[in-house]
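Next come two complexes, and both contain subunit A; in the first it sits with subunit B, in the second with subunit C.
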Partner chain A sequence: MSDYRYLQEQDIPSFLAALRALGNRVLVPTLQKGTKESVVFTPWQEGDPVLVAKATVPAKAAVLPSCETLVTYKKTKNPDNYAETSLTLTETVEAEPTVVFASRPCDAKGIAILDNPYTKGIYKDPYYMAKREKLVVISLTCNSGCETCFCHWVGGGPSSPEGSDILMTEIPAEGTKAYVLQPITAKGKEMLAKSALKDGESVVALMNEARKAAFATLSPKPDLTEAPQKVAACFANLSFWAQETERCISCGACTYFCPTCYCFTITDEGEPTSAQGGRRLRSWDTCMSSLFTREASGHNPRPSKAERMRNRVSHKFATYPENWGIFSCSGCGRCISQCPVGLDIRKIVLHAIAEAGGTVHPPKQEEAKPAKAAPVQAPKLEEVKPAKAAPAPKEDRAEARAEGKQTPSANDTEPARSPAPRRTAKKRGFIKTSLKKSGTRRR
Partner chain B sequence: MSGVTSQNTNAEHSELRILGFLCNWCSYGGADTAGVARATQPTDLRIIRVPCSGRVDPLFIAKALFNGADGVLVSGCHPRDCHYSAGNFYARRRLEVLKHFLPILGIDPARFEYTWVSASEGERWKQVVTRFTEQIHALGPAPKFEDSHPLHAMVDMALAPLAPLGTGDPQLLSSVKEAIRKKLPELDCVIGWKEGRDGLHTVPHFIRTEADLEELRIGPFAIHNLATYLPNYKGKKIGILVKGCDAKSVVELLQENLIKREDVFLFALPCQGILDMGRVDQVLGRYQHITSLKTDDKTVTVVADGKEHHFPISQYAPSKCYSCTSRMAQDADMLLGNATQIQGTPQTPPELAMLDAMSLSERMAFWKSAMDRCIRCYACRNSCPMCVCRDYCVSDSRDPHWMSQSDATREKLFFQVIHTLHLAGRCTGCGECQRSCPVGIPILALRQHCARVIRELFSGYEPGTDPKAVPPLLGYQVEEEHIKEREWK
Partner chain C sequence: MDAKTSLPRMVQGLSERPSMPGNPYLPIPSTVINVISETPRIKTFQVVFDDKERMEHFTFEPGQVGQLSVFGAGESTFVINSPPSEKNYLQFSVMLAGEVTTAIHKLSVGDKVGVRAPLGNYFPYKDWAGKNIFFIGGGIGMAPIRTIMLHVLEHAKDYGKISLLYGARTPQDLTYQYEIPNWLERPDLDCTLCIDVPAPGWEHKVGLLPNVLKELNPSPDNTVAVLCGPPIMIKFTVQALVEMKFTPESIITTLEKRMKCGIGICGRCNIGGRYVCVDGPVFSWKELQSLPQEL
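After this line comes the complex of A and B, so read on.
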């Protein structure tokens, strides 16, 4: 039997039920009615419908919940001497074995991007690590590009494997929908091997074709090789950022819906002397808010939305690449489609490159607007062969990641970009801002 | 007391959590008088002493009810007897609005009462406490949001419009451009709309040059309420394109002195409805390219990835357009067309009608299910032209710590309550909050209900229609026409 598995749409519930029976929380995309429909990951239970659409909200919360308790604390008085108190701290590292089902490659790459700062820096985040270790990501490869997404600009693709343990690809099937499941990591391989799914070897060729076809739908991409230097070069050019952000309303939707944004704030709540005690909460924060950098003195180093957007874009396209060698953007496009005023990070990056005198190769037009019948460069495909014919991608990518290796993309994209050159501290330093302080106004 | 139902028999005996906000000068004294007289009273009430009933923010009450109080009582000095002369007059308006607002959240309004007790009225205090405690015991322990079963619901947003909806005069764009071109040299900037990521999705546009002007888009694509930007440009002379509904926000900003009339130049567009992009995007689904976009007098036709979609404005407008009676600004600096007179009574907006048809417990379950997916991005807050605190929102404040950072659904809904109550009598119903919500929560229904309460209590008051009018919660009348004092016998 090969490592590949075959799954028909009608068998999804029994597959999920089996995962649940193993003690997993299974997060699946579900449709939510509303003034516009949205798709949200929710814990699946027997009988729940599953929708394999791209989620409005990425699965980031599986590793970085929008709020989690870091520690609880209690202050108790010594009954014999009330002046004496003692403090007990209880660490609350919580992790439930979790499977994310049918996220997209850009969601999964988001998790791979979070892995760097949370698990590979000098300090490792125990809360994140605990959840990450117990997580299995099953990503559905996309069968076409979409108007707002641009994974291929930033080193990904509709079937890139970064962050996924299993890739799942829809293949043509009569009268139903069918999928091939390809293990990417050892965890994924084990999960598939243990499952009751049928062997998928005979349909691997169909899978490769589907992935090739998906890649062929992508619009031509600009070359972002120069982005890190050029975005960094725009740092002091505040009028550029002010112009780019004039319509931004500083809400933070772009960051909260982003699979790669990882900033948080910490708040102590509750009375330590009460029966319930106090707790230290970590919750998502956004660099688009004035409060994010407001200091106790009232001084704010990023007083206007121009500085704040500069931070967001520079972090994703200059400083994170400087540290980790890849962009901290998976090109999911949520910040574009979710922004109430349609700010487009693609345009900001392209404009920054142009502003700093750089070039992006095709497409020439900056609007990222596809030409009619866009000629797509023939992708260089390194086909994934059935396990018997060639060594399957059995290399454990999680391990590769842990060793800080650049993981090669599975079969449809170039490897991620090479690390950007280091900027000198001097260059980053004290630059006088020409923008007027926005006073007490938010934007 | 007769109304105790069987399910509450236990509750009748055990204490419930009732919170009282009592003013220092009268009601707290009254409670003291009752105490000194050794009057027998129920012991469920926990008293918080406040300087004046005017100090009681309706959010105190909402917060208490959200966090486990079974009932809340506010008591102050009798009208005309306030030690700060008018505190209780302001309180009366706010508290009455709150009482009418609570049911839309699924909270029984009988869990909250307000009244007046003077320092000498020990006997009356005893009666008030006894009666209110009995009332709460009859209701039993308050149902909790956390315990609600999921209830996902949504309605069809399209209604029969009061006047035909369409895409507007195709010749209008060139005359609008011409008008702006003439005026542009005198203005720092004119705010309009332009194409965004594709021809169908427009974005706010800041016009400074002739080239900028060429990009202007109007008609059904004049989506955003641009008034949100106006307070950012203090001291600048800003031109702004306004639909009828947007103009109300400008007027409200003027009413509240947040912008200066001489700083803004209003270009009034005649409007025949805009597209509800949330519903349009839902129909389009995932697509790659828009290859054609055509507009005839009624319909926007889009070809996306080779598939043709028709969006008649009459079916794809946001709910506000169906009940709109003022499609063009009245006191603009330049009228760019003729206003149509629209007669008729607006229907209840669909999202509000849906809630009206629900029971209290269904409403609670509905909000629990809907707010669950709120991600606290605060796009709703930041897109609101009337949210004036901007960088200093109470939701972000740590001292006082108004909102928990916990992502519990009730905290998320509580923010919506904060927003709605801060907007009471000020919200013009522009719908930006709901339009901006990336996960499609019908939060406008809360504002629509609150606006209805304001209309009922304050003789049909409509925010944003008269630049000289004082918003109702910033004023009072000694004898209120529509607020009836409740008897406590």
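After this line comes the complex of A and C, so read on.
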């Protein structure tokens, strides 16, 4: 028997049930209704529907919860000497075996990017490590690119294995949907070997074809080799960053939706002398907030949104690469699709390269805009079971459209429709230009 | 970008140093054993770990910092300003500034706190053998100077001439006043004090610290300048040192930034790709010149 396994759509629930029976928490993309429909990873239980749509929010919380307790603290009086108190600190490193099912390669790569600072620095983060060690990531390879995603720009692709334990690829099947599961790591191999799934060797050729077809949907990519040097070279050019962030409202959505953003804050909650004591929490934080770096003296090294965006883009494309050797961006595009004012990190990076006199071969295209995916190839937002659940939007981009109703320009990458078209097409994108700092780029 | 062939910069770029063992987020339960009111806004706290054995075996290098916790309020980063030879307690000097320091200032002897230490790098004193050392402290910036100066003085025979220029706004703003008579008297230290404006009874120099430094005009030959103080003081003092022909490599300073984790992850103390909490807090002027100007 080969290492590959074959999974039919109707067998997904029993596959997940078997994973649960082994003691795993199984996180699957779930449609969440609200003022705005979104797809989030939630623990799956027997009978729950299964979506294989790209989630609105990445599975980052599986290793870095939006809020977790680091330490609990409690002060108690010594019953023999009431003048004395004792302090009890309890560390709360905990993790349950978890399987993330049907995340995307960009989400999995996000976890691989988090692994560097959390597990490979001079200090290891025990809270992250515990969760990471008990995590198995099953990624569904993408059938195509989409409007906002750009994994291939930053070293990934629709079937990149980084961060995944198992890759799952949809293959053509009569009257149903079927997937090939390919183990990437030893953990993934073991999980598949233990499963009751059928051998998938006979359909590996179909899998490779599907992956090749997905890759073919991607638009030509710019060469970002020079990005670290060029983005760093723009550091002192604050007017460039001010211009790029003119529309930014510092909401932080780009960071909270990002699979690779990992900044956090630490705060205390509760008095140590209270009956239940208190706890020290770690919560996601955002470098887009002015409070992020403000010191007690009132001094702030990053007082305006220009400095803050400079820090965010530089971290992803210059300083993280300097420290860890890869971009801190998996190209998932959520910061673009979720930005309420339509800022596009691809454009900022390309503008920075151009601003610093660099070039991004091939200069074939004018605008860094992936080709529209063929509708047939687009990842389907369909539920496996039960069928009666909410009418699911047909395409991945449905979510983008829903948002579009509220903020018409939010997902619009067309420069002509953006509120502040600041550069002429000539000066933009792939064309090697030496942009001058002049008033011409301003409105 | 060749991470496969060599260790990432975040690992190999860091000097060897004592570091906090175990869970780096778990504070060491400690007790305040002494509180000294230094100035109207600065207090010094001496703390001991509740675990005696851990206290005995605790080692750090001068310049390394600790995160001092008041549970319920939070934690903040301070340099350990006692010298490493002081095994009985760790000393932190805290200026009243925000929420956490307000809570720290309310502490009294016997109160329970948490300490995460040692964190960060330290003064490169091992490179200073045989050299003259010129210490410069401004205001609360005297705290990190104190630890390295006391350490160097303990091993004075390894170094050349050791000098200190210590300045504050007024005589009342000088910390460690109870130690100053000793610093002025001891033959192995050339100590100069200055205040910004004249004050009754003041027998020492008057003037802004960089100006007093120019007046003293120390020779840059075989000399290391080690300074700490408020950002504005650092700026003009470094200018003065450069004018006096000190090389960027021979000017050493320590920085502070807002910090949370203290271990190079949480993302707020970075200057470009360097994290003050693990790449610093001690930097040479040469290193700082190579970094983006975002202090």
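The definition used in the following text is that the second predicted complex is superposed on the first by the 363 of 443 C-alpha atoms of A that agree within 3 Å, B and C clash if a C-alpha of one lies under 4 Å from a C-alpha of the other, contacts with A are read in each partner's own complex, and residues count from 1 in each chain.
By our rule, a residue touches a chain if its C-beta (ideal position, glycine included) is under 8 Å from a C-beta of that chain, and two chains touch if they have at least 3 such contacts.
Just so you know, these numbers come straight off a predicted model, no measurement behind them.
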Original post:
Will subunit C clash with subunit B on subunit A after the two structures are superposed, or do they fit?
Top reply: fit
Original post:
Does the superposition put A:V57 against subunit B (first), subunit C (second), both, or neither?
Top reply: first
Original post:
Does subunit B (first) or subunit C (second) touch A:S2, or do both, or does neither?
Top reply: neither
Original post:
Touch check for A:T267: first (subunit B), second (subunit C), both, or neither?
Top reply: both
**OP:** Pick one for A:Q229: touches subunit B only (first), subunit C only (second), both, or neither.
**Re:** neither
**OP:** Answer with first, second, both or neither: which of subunit B and subunit C does A:Q338 touch in the superposed model?
**Re:** first
Original post:
Looking at the overlay, what does A:S195 touch: subunit B (first), subunit C (second), both, or neither?
Top reply: neither
**OP:** Considering only the touch criterion stated at the top, classify A:P321 as touching first (subunit B), second (subunit C), both, or neither.
**Re:** second
Original post:
Touch check for A:T293: first (subunit B), second (subunit C), both, or neither?
Top reply: second
Original post:
Taking the superposed arrangement, what is the smallest distance in Å from a C-alpha atom of subunit B to one of subunit C?
Top reply: 7
Original post:
Intersection of subunit A residues contacting subunit B with those contacting subunit C?
Top reply: 265, 267, 294
Subject >> Touching residues on subunit B, where the partner in the complex is subunit A >> reply: 152-154, 157, 196-198, 201-206, 224, 228-229, 231-232, 276, 278-279, 281-282, 286-291, 351, 370, 373, 375-379, 381-383, 390-392, 396, 398, 401, 404-407, 432, 434-442, 444
Original post:
Quick one: in the complex, what on subunit A touches subunit C?
Top reply: 70-71, 73, 75, 83-89, 91, 93, 116-118, 120-123, 125-127, 228, 232, 235-236, 262-268, 270-272, 278, 280, 282, 285, 287, 292-297, 299, 301-302, 307, 311, 314-315, 318-326
Subject >> Of subunit A, residues touching subunit B in the complex >> reply: 32-38, 40, 53-54, 56-57, 65-67, 144-148, 217, 219, 246-247, 249-253, 256-257, 265, 267, 269, 281, 283-284, 286, 289-291, 294, 336-338, 340-344, 368-370, 372, 374, 438, 440-443
**OP:** Using the touch rule from the top, collect the residues of subunit C that touch subunit A in their complex.
**Re:** 1-4, 8-11, 13-14, 19-20, 23-27, 29, 50, 71-76, 97-101, 110, 112, 114, 231, 256-258, 260-261, 263-268, 270-273, 278, 292-295
